[in-house]
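Each in structure tokens, the structures are laid out below.
Each of the next two complexes has chain A plus one more chain, namely chain B in the first and chain C in the second.
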Partner chain A sequence: MKTKSSVLASVLAWLAAFLSIAPFVYVLALSFLPASGGVTFHYYYQVFLGTSQYLTRFWKSLLICLCVVAGQLVVSILAGYGFAKCQFKGKNALLFLLMILMVLPLQVTLAPNYIMLDSLGLLDTYAALILPSIFAPLGTFILTQSFKSVSEDIVDAAKLDGCGLFRLLVKVVLPMNTSGLVCVTLLSFLDGWNMVEQPIAYLKDFMRYPISVALAYVPPADPTLQLVCCVLVVLPPLFLFTYFNRELVEGIVLAEMK
Partner chain B sequence: MKKSRSALQGWLLVSPLLLGCLLFYAIPFVLVMQYSLSTGSGSALYFVGFINYQDVAANGMFTLAFGNTMRFLAAALPLIMALAYAIALLMQKQANKHKLLKSVFLFPYIMPVVGAVILVELLFAESGALPAFASALGLPLVDWLGGPAAFGVVLLLYLWKNTGYSVILLLAGLVTIPEDQYSAADLDGASGWQKFYYITTPQMWYSVFFALIFSLINAFKCFREIFLIGGTHPNENIYMLQHFLNNSFENLNYAKLSVASVLLLIVVLAVFAVFYGFVRKKEAFRG
Partner chain C sequence: MKKKVLCIFVLIFWLVGACTFLSQKVEKQMVAQVITLEPNGGMGSGSDTLPLECLMMGENGMTLYSLYEGTGWEAGTRVQEESGGWQIDEDGIKLESAWGTYVQYASKPLKSGEIVEQVLSGRPQPDHWLAVLPSEVELNELPEGVEIVEQSGSAVLFSVEKAMGVFMEAQAKTLIPQLYEAKVYSFGAMSQFLDNFTGLGQLLFLLGAALALWVGSCLFARKARQNRAVLVLNLAVGLVLLACVPLVLQSIDLPSSLLPRLHITDFGYYAQEMEEFFGSLLTFAPEASAQGYLAPNLPQSQVGQAIIQQRNITIARPFLYGAGGLALGALTALGEYCVLKVRRRPRIK
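Take a look at the complex of A and B:
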């Protein structure tokens, strides 16, 4: 039974979907169409094979991101399990404080972070970008909520069989929570990949700037070259999103703590 | 005995996170508070009370940046909530049919900063697609990025990028509302508006709260795009706190930076407290 309202809903939904995707297609299409007219792969050749400057920056940025993601995963897996499955005094107060910390924007934490990095002598190093991001609280929230769904019986049974904490995590808990883990990976990857404020504030050396902010801060002179670089930067998140969008949709919701 | 072991394990497990947060957030915040009340630097800090605050409050650039940031939040948050809620309600009955759509809505969220910035320039810059289209239609030219319209452009960018995220949070709440409550209301002849007001709304406070919180978080993330679109000194309609902070970083004015951080902290905490207090009251009433 198709009512008027469900047709309307479908039309609007498809319209929204079109608006979501069209800009990506637009950028991709324009990247083959230089100002001089015609269709060309010349700029792709230039970015991917002709010079190494874009690719070098790309791989370096990816490496920074992987460090952020790995650190964030370790920290939030441990903390998430602690919050979800261990009973200790002050747990709820801590979670509340973390929620407040999660809400605080970079604009608030930038100056404090700078002061700390300065006194640790880490300014102008990659560690300045990586370390503070590792301790972002969002991952902990998602995993705490996700780990709560692991039943107590399974945890107890594993413990009875003499399973230590490390093995319990790796063999039992993590395989049961892939959605949450993938979601944390993706979200922290996106945050790392899109760093803007931190490099500008913490790094003096432009050579160290990650690719996303470097391209936007000092764009290549040729507009088509700029677009090809943009396509290059879209690739990693696009790849992750294509494979893991289901987990992302499921995981985002986990941050709704009650 | 067993209880205390679990407690110890809990503390051990959360300790890396806590140490990191202490090192990079808690301790530096104490320092920032101190800097905001002092003059000089390093070991030569002198307590000066609220003079820095008076200076910053009298600084025209700061009030402009602060005002614009608040104006942006005041416009963006209600807009995104209304839009996301409307889309979520439309999809409520067809959540399963449109599983793919849900991920499609998240698609703009993955657009990297540089992509978003280029896109805005492609569409709205003087030589961009929109002015070309408008002049083809014979419409008057609007300076989209140089004048008051820039505020609307960045608002649009924010909505495009982040509405999907909020839709997903809201949909998660909507699908937990039992279908038979709506059927029962239908039997009683309730109108769509009544169903929304008496069934949906009271069960959605938590989801609305979290959608609002994440919209706020995402709004602050959007300032990086605004920052890059405008350059270090954009037109005064989109001169945000991010610009002010960045310019203070450039000449390393610790006092200014600290005061701006503390003031922004107070505002964010106040907004959070209002939202949180409200949702707690609503939920306590319900449960």
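Take a look at the complex of A and C:
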């Protein structure tokens, strides 16, 4: 009976894996097969050599994402440590507010952010994409949960040994929470890489659009070109997921267990 | 698993980085250069007539191209076929509306929607043109400043005193109408093309060195902890090589008239063009019996001999440089391996 159920489970797992990977395989296969028939590298030439538009936009998007990730890590580490290890008035209320913010759909915060960015004169700049993303609450939530796993005794011992806050974070707390950090890095990177609504709302100049938005405007005369762009777009997330997959799973499991 | 993923993606991102620099250059190089005309000198009132040379062979037969500004992904000055609004009469092409900018000459065949660069005729300079003819043509009345240097059954070498700065075949055919059916090459453009073989070789050198270093690094990555210093060094060298790509690309400037219509990597096209050009040049060479069988098979004109010599000197450079890059990268990796081996040798105190 146990064998039967394990076989069924593995079949279901394989089926789920196949269904997950099928769209990517489909995109990859069709990127070599144009509507006119045959196998061609013409569209790869178009995207990777024929014009610099796609690749420069790709690097710009990557730069935006790196800024988002760096900013969000700093904010999340400091805020997460504060929520997890510091005692102050209204902590629970603030954490509750953070969780409410986390469940709010993006579209709800779009208009207030637009008004704020407009009054700051940041509309139609990359800062309009980077700044709001830095303060996304998910990273703080994950790291709060992650930092709670660090024993108070260890923190106290480090303090007794003369560690300041910065040193305590860098030398003690962060090395013990690498999976949480990787998880935040990946999720914030994906948030930045896949952003669509924010660029459309905050940017006017098409040339500033990141590749996630510009992809939709690829000349639709031949869809194969769009598929090759999809292959280009999938490269950074694919790298991050294949490289950090173990830490990602651990990080999410850790956050769920708390 | 992590090491393999890192190795593969380092190469992928290096190549994507190199492609970014290359694509910027290719984009500039593949832009067709055009000389344009505005009816009524741009005043734009009433109908006007364009010269017949504005008609070009398009996808749907002879057509007239006008310029427009694209937006979004298609930003930039582009050409479009004018499907209506014009007709041919004895004076030329009669336009119904005198608005717009029309292409008179293009450095290569145009395609609707293609991005183009408007150029001026440039300062006239002396050049030589090689015309490859499908059949023998009478060339009695040549325009002023154009002389025949050498002639054989299927090819004619002209000396042109005042050629345009940017060579355009259609413009050459307008100057010498007898060449209407011929394929015309510019010696200036061919010489410029051959000059770029050194730059192309340097590019292949960078690619070869980076690839060899990458293979070496993948081998070192098996013991990543022990070889960390070497891996970091190789990564730094790889980044330096990547930074050298735009520097090398600056020195490359291929003539638009010798580039293929669609893909700059269409090597068959280049081989065909060079074969036709140099094959036709060799038809000027005297019979082997007339100059001794061991004498080199060369045309008599100095300019013909010079360009063949230039080809012989430069043709192998890309291959040599590429192989040199591979060898240097491999040697560097081997050197690093030897250094590590010597350093880790057990020492007896």
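FYI, the second predicted complex is superposed on the first by the 244 of 258 C-alpha atoms of A that agree within 3 Å, B and C clash if a C-alpha of one lies under 4 Å from a C-alpha of the other, contacts with A are read in each partner's own complex, and residues count from 1 in each chain.
The criterion applied here is as follows: a residue touches a chain if its C-beta (ideal position, glycine included) is under 8 Å from a C-beta of that chain, and two chains touch if they have at least 3 such contacts.
What you see is a predicted model, and the numbers here were worked out from it, not measured in a lab.
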* Asked: Clash or fit: chain B and chain C on chain A?
  -> fit
* Asked: When the two structures are laid over each other on chain A, which of chain B and chain C touches more residues of chain A?
  -> B
* Asked: Which holds for A:M207: it touches chain B only (first), chain C only (second), both, or neither?
  -> second
* Return first, second, both or neither, reflecting whether A:Y43 touches chain B, chain C, both chains, or no partner chain. => neither
* Asked: Which of the two partners, first being chain B and second being chain C, lies in contact with A:L55: first, second, both, or neither?
  -> second
* Pick one for A:F147: touches chain B only (first), chain C only (second), both, or neither. => neither
* Asked: Which partner does A:V108 reach: the first (chain B), the second (chain C), both, or neither?
  -> first
* Asked: Which holds for A:Y243: it touches chain B only (first), chain C only (second), both, or neither?
  -> second
* Report for A:Y217: first if it touches chain B alone, second if chain C alone, otherwise both or neither. => both
* Nearest CA pair across chain B and chain C in the overlay: distance in Å? -> 13
* Go through chain A and flag every residue that touches chain B in one model and chain C in the other. => 217, 219
* Structure fact -> Within their complex, chain A touches chain B through residues 6, 8-10, 12-13, 16-17, 19-21, 23-24, 26-27, 30, 74-76, 78-79, 81-83, 86-89, 91, 94, 98, 100-116, 131-132, 134-135, 137, 140, 165, 190, 193-194, 196-197, 200-201, 211-213, 215-217, 219, 226-227, 229-230, 233-234, 237-238, 240-241, 245-246, 248-249, 252-253, 255-258
* Structure fact -> Counting only contacts in the complex, chain A reaches chain C at residues 42, 45, 48-56, 58-59, 206-207, 214, 217-219, 232, 235, 239, 242-243
* Please give the residue numbers of chain B that touch chain A in the complex, ascending. => 3, 6-14, 16-18, 20-21, 23-25, 27-29, 31-32, 35, 87, 90-91, 93-94, 98-99, 101-115, 117-119, 122, 160, 164-165, 168-169, 172-173, 206-207, 210, 213-214, 216-217, 220-221, 223-224, 227-228, 241-242, 245-246, 249, 254, 257-258, 260-261, 264-265, 268-269, 272
* Which residues, counting only chain C, touch chain A once they are in their complex? -> 1-2, 5-6, 9, 12-13, 16-17, 19-20, 22-24, 26-27, 30, 71-75, 262-265
